[in-house]
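Sharing a structure, written as structure tokens. Questions coming.
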Amino acid sequence: MSHRTRQLKVSSLARVEGEGALHLTVHNGQVQRAELNIYEPPRFFEAFLRGRAYTEPPDITARICGICPVAYQTSACNALEQACGVELDPPLAALRRLLYCGEWISSHALHIHLLHAPDFLGYPDAITLAKDHREIVERGLELKKAGNAILELVGGRAIHPINVRVGGFYAVPAPADFVALAEQLRRALDQAIETVRWVAGFEFPDLELDHELLAAWEPHRYAIERGDLRRTTGGVFPPAEFPEHVVEEQVPHSTALHARLDGRRYLTGPLARYTFSSSSLSPLARQAAVEAGLGAECRNPFRSVVVRAVEVVHAVDEALRLIGDYERPARAFVPVAPRAGTGHGVSEAPRGLLYHRYELGEDGLIRSAVIVPPTAQNQPAIEEDLRRVAAANLHLADAELTALCERAIRNHDPCISCSAHFLELTVDRT
Amino acid sequence: MGKPTLAVWKFASCDGCQLTLLDCEDELLALAGEITIAHFLEASSAVVPGPYDVSLVEGSITTPADERRIHEIREQSRVLVAIGACATAGGIQALRNFADVREFTSVVYARPEYIDTLATSTPASEHVRVDFELRGCPIDRGQLLETLCALLAGREPATPRTSVCTECKRRGLTCVMVADGTPCLGPVTQAGCGALCPAYRRGCFGCFGPMAEPNVPALLPLLRARGMSQGEVERVFATFNVAAFGRGSHDEPSH
Amino acid sequence: MIPVPHRVANRVTETHDAVTVCLEPVRDALPRSRPGQFMMLYAHGVGEVAISVSGDPSTSDGTTTHTIRAVGAVSRALHDTPPGAVLGVRGPFGTGWDLASVRGRDLVVVAGGLGLAPLRPVVLAALADRASYRHVVLVAGARTPREFLYRHQLNAWAWHEDIDVCRTVDVPGPGWAGGVGFVTEPLAALDLEPAGTTALLCGPEPMMRFCARTLQGRGVAARDIQVSLERNMKCGAGQCGHCQLGPLLVCRDGPVVTYDVAGPLLKVREL
Amino acid sequence: MATVVLDLDGLDRLIRVLGERGYQVIGPTVRDDAIVLAEVDSVRCLPAGWGVDAAPGRYALRRREDGALFGHSAGPQSWKRFLHPPRRRLWSGDFEPDHGEAPRYAFLGVRACDLAAIGVLNGVLGRGAFPDESFARRRRQVFVIAANCTEPGGVCFCASMGTGPGATSGYDLALTERIDGGTHHFVTEAGSAEGAEVLALVPHHEAPASEVRAAAGAVEAAAGAMGRQMPPGDLRALMRESRESPHWEDVASRCLTCANCTMVCPTCFCTTTEDVTDLSGQHAERWQHWASCFELDFSYLHGGSVRTSGESRYRQWMSHKLGTWHDQFGTSGCVGCGRCIAWCPAGIDITEEAAALARYAGQERS
């Protein structure tokens, strides 16, 4: 038999946030390398945060990612408030959670309808999908708009909100401002439930992953804007212990650092959250999950689209609850005086755990900053998924294998700008 | 004649400006009806080869490969619109222009030798001819739609180069500088956001970059009189549009 | 004030970037304009700009004629509008040339480039009522011979004994028989009776200032010099404020004003 | 009708009567640390007990010792925003004018300076060969309740502009607020037939001569208590003579060219237009919004702007207000409300700049 060498280059994996490439080497029917090659040019946020004031990270780190700026703002605030020894007034904390719900709804609706669903239905994008199923895409866009409406009202704008500050907000809405929004969210709740039903009907390739899971967790509610850290192999630890467990390392094929949990690959994101907190979902969300055939936990990454849809139901429901309970806080922010020290902050970005650490000087200037975004944490796990998906499907033709690999990546809604850009897939078969 | 084609390109950025296009929830499908979205990787895996009628360029040029790519994009584009502070001013990552990149790299990456990056972060206009610039970090959705509609109609997009204060006052907001003593960059910042920050009783921090002929030196004493330290004054100008505001904030030695 | 729809009835190419269009009302006609007045022309979805009336003032069929040079988005769109298509028109606005005061006197018309557009109606009016004037002189300048508006008409006038035509260009081409240089040169050489002369000027501001200075140097009184001014205009109706030049609202008090008024204002930098 | 007295209930009733007659009543209310104009439906909306400390570049609410409703000077907004809105559609589609139902406003608490400003605005937009229909209609339908000033603010100078502190004409009703020995009431006069008609529907009693005298006296005293004044002399001539004054450069070094002064000015009328189309390009509209001579593009001609320097833009503003307005519209463009002084972030004071110009001009003459 003659040796056949096939070089497959699929430039550009679309419908992910950012740019990177995938390198797959298959030798004698064995997957040798499966690398998610992230080459997004580095933007050096941690470097230039040094010397900035403790008040600045919410605005500055938001610019790391246009899709999950609230996650950055919130993790930054959590870390800085901890460093300065400040607790939010409960109504302000509730408002922060509401804002974050907006980001979950918007980001998840975007990923489900515009980025991920076309994979399951065989379309290149949502616009082509809309030619056949306009009402579905419109529903997705409306859902996304409802999330943005929360971001715009509470945060000022959907991308890089301007109303977030360490200690709270610059201005807080009046209860009357929420009337139209609540109306919109009630419609969104129905749309979110329909979305769960819709995605539950997709066909899911078999894949059970065995990654360790890590997510923020709170005892009695679905952790979103804060929490301790919970892992599969037992135990809960506070954000301040994150550096003891998670170590980042550099790999040659990526401008993103790879994180390992006690030396092992692990996964953060919807599957991890759901696995730990499914019992804390709102009744409506739980019911939707059951109807969609989800158990107490979910370990098939292709089904993450269902988990996201369930999380949208929860976020809309939660937003409505928070609005229902809303009373205008007595003050828009808790005054925060700087002090020397270190603070750690986590929150659950739509695509996974986002950790910030700041070391402040007495003058309130930042001495050092560390940011560990979800995609950097997930990169080893994504590569493992790729390896397994490729190994199990080597019989497929190049085009199909490529498409499947791309889907395996999109399962994790990677946010490459957070860590790094655009995927170019190269399969070397020797 | 076929439908005009639109391409969206990304350089060093947060993706927020191109996301603004997807945030046009009410217009997205109508837009797709009027133009062919020929290249928009964030949204579609279908790619139509160039040339393109309109290219939206997001992000700043930070690597030798970027430098080559922006020229290729220019050659393929009839109209090139730079969108956002990164593409129009180098963005926040242009802070490196005033620092030592090797040192920056070593702070973020343990093994800097893997990283291939230019010493500077520069706007598209430093490399190629740019037909329009949309300011903002991020850009404003209304301005993006106006620009697309204007380009389709052959009109000059209405993106005024005047101060944020004009929008602030048209909205009927009360000036935060005068009434609250809050430092505000509105008087030197280009309009376009709709005076967002003053609407939340926050001083403008200049994310739309300098307006036409700003009188920055005249603002500095006013900021200090409202409680900003010299360091704060310098930092507020040295953020999202650091390269555009330049070092104009240094009217006196800081020590 | 709402634009009134007009159809492009006729479109004549004047130069590489200028056309003359004749617009006929789709329904209602606008009031008749006087030489020197202007209209606001609107191109669908693109915008609206001030354009002088350049047609024959004796036409009474409700049409209005304009000469447009494509310099920006709106003027380009107007320039490119094909016959049959509809434009919006508001007007007429502003003061016209004061021809009544020229009766029995010498009339000197000086046009630079596109400045000939608002002056053509004056020449046509003077020729139609030739007996009312003594000498009638037209001095027209352009960058190159090919950039003269109304070339055939200029040629015809040049042969006409009722009017002296003097053409000058900055850059002559092969076979150019006219003058070379600034319009002030023929103006300086003109056989003038200063006290009995009225001059009408239109062209770039520096040109008008130099011409006025030349004429004044020769004894023509400032109030016997009329100029047509140009300022940014949004409404044409004296309400947008853009066209101010000191005390003048150019759209209302101008565009045609006498030089005793305009001269001192044009001297002030950035007024 | 003779001068009458309304008490707080009477004023409340007045607001309701106007509402019943189809007016949208606009009056002062407190929002965002300032007294702004908004719809009011009862006296409870009015800023009882709020006063204002205003100085160049500074404005702060202050608690008063009494419960006065009109004891504050001009706020950041003027009535201009209702008669000549900041943004308005001129027409759409096939040149369909955007008439709609013009709102019928009742303005409550219009100061004499602002009343004068409405008159000045009317001189620009309401008269002339091509009146602005939208403005003219709004203006015609407005019901004006003037509030005479008894307590000018720190940046007021209406007395030196001859526009206040008392309203003399152009109103339907005029109030003078009086708080005297535990009573809080309004000495009220009708200035039009409709004013009298409305007044008749509101509980009131005839004003004793002493009250009328006291009210007039308070207004008169206010004239002597202005925060500042324009320099005496012919301002129009001063502006003409000062076109080349070296002083403009000095102002320009402080002026941000931010345009706040023009936006808050109750008479600055300038606008610019915007043409818009939808994505299909089929539907077109034309909008108008406030513009300012401080904007670089304001004087744009093909190839560049006429007024690029800060000097020339500040000069245009001030010369127009105090000088060329007379040439164009037969009055001064400045009514002395002081808004441009308070709301200039740089605290540039038109009265001081006028005084400085006068000093320069004086030096030149001598």
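Each chain gets a letter, A, B, C and D, in the order it is written, and its residues are counted from 1.
Simple rule for what comes next: contacts are C-beta pairs under 8 Å (C-beta built on N, C-alpha and C of every residue); 3 or more make two chains touch, one makes a residue touch a chain.
To keep track of the chains, here are their UniProt names: A = Coenzyme F420-reducing hydrogenase, alpha subunit; B = Coenzyme F420-reducing hydrogenase, gamma subunit; C = NAD(P)H-flavin reductase; D = 4Fe-4S dicluster containing protein.
Predicted model only: the values in this text are computed from it and were never measured.
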Chain pair with the higher count of C-beta pairs in contact (B-C, C-D): C-D
Chain closest to the middle [Cα centroid of all protein chains]: B
Subunit A and subunit D, separation of their C-alpha mean positions in angstrom: 52
Rounded Å distance between subunit C (NAD(P)H-flavin reductase) and subunit D, as computed from the means of their C-alpha atoms: 41
Cα-centroid distance, subunit B relative to subunit C (NAD(P)H-flavin reductase), in whole angstrom: 43
Whole-Å gap between the CA centroids of subunit B and subunit D: 37
Sequence positions of subunit D contacting 2 or more other chains: 275-277, 281, 284, 291, 308
Touching two or more other chains - residue numbers and ranges from subunit A: none
Subunit B: positions in contact with at least two other chains: 153, 155, 201
Pairwise chain contacts under the document criterion: A-B, B-C, B-D, C-D
Contacting residues of subunit B [partner subunit A, same complex]: 10-20, 22-23, 25-26, 28-29, 32, 37, 41-47, 62-63, 66, 91-93, 95-96, 99, 101, 103-105, 107-111, 114-115, 117, 137-138, 193, 196-197, 199-202, 205, 207, 231-232, 235, 239-240
Parts of subunit B lying in touch with subunit D, wherever the complex brings them together: 27, 30-31, 33-34, 145-146, 148-150, 152-153, 155, 158, 160-163, 165-166, 169-175, 177-181, 184, 186-188, 201, 212-215, 217-219, 222
Subunit B contact footprint on subunit A (complex, rising order): 12-19, 40-48, 50, 52-53, 56, 59-60, 63-67, 69, 110, 114-115, 118, 124-128, 130, 134, 137-138, 141-142, 144-145, 148, 156-160, 162-163, 169-171, 249-250, 252, 255, 257, 332, 406, 417, 421-422
Of all residues in subunit D, those that touch subunit C (NAD(P)H-flavin reductase) in their complex: 90-91, 94-97, 124-125, 128-130, 132, 243-244, 269-273, 275-277, 281, 284, 286, 291, 293, 298-302, 306-309, 311-312, 316, 319-320, 323-324, 327-328
Contacting residues of subunit D [partner subunit B, same complex]: 31-34, 36, 57-60, 75-77, 81, 86-87, 252-260, 263-264, 274-281, 284, 289-292, 294-297, 308, 310, 342-346
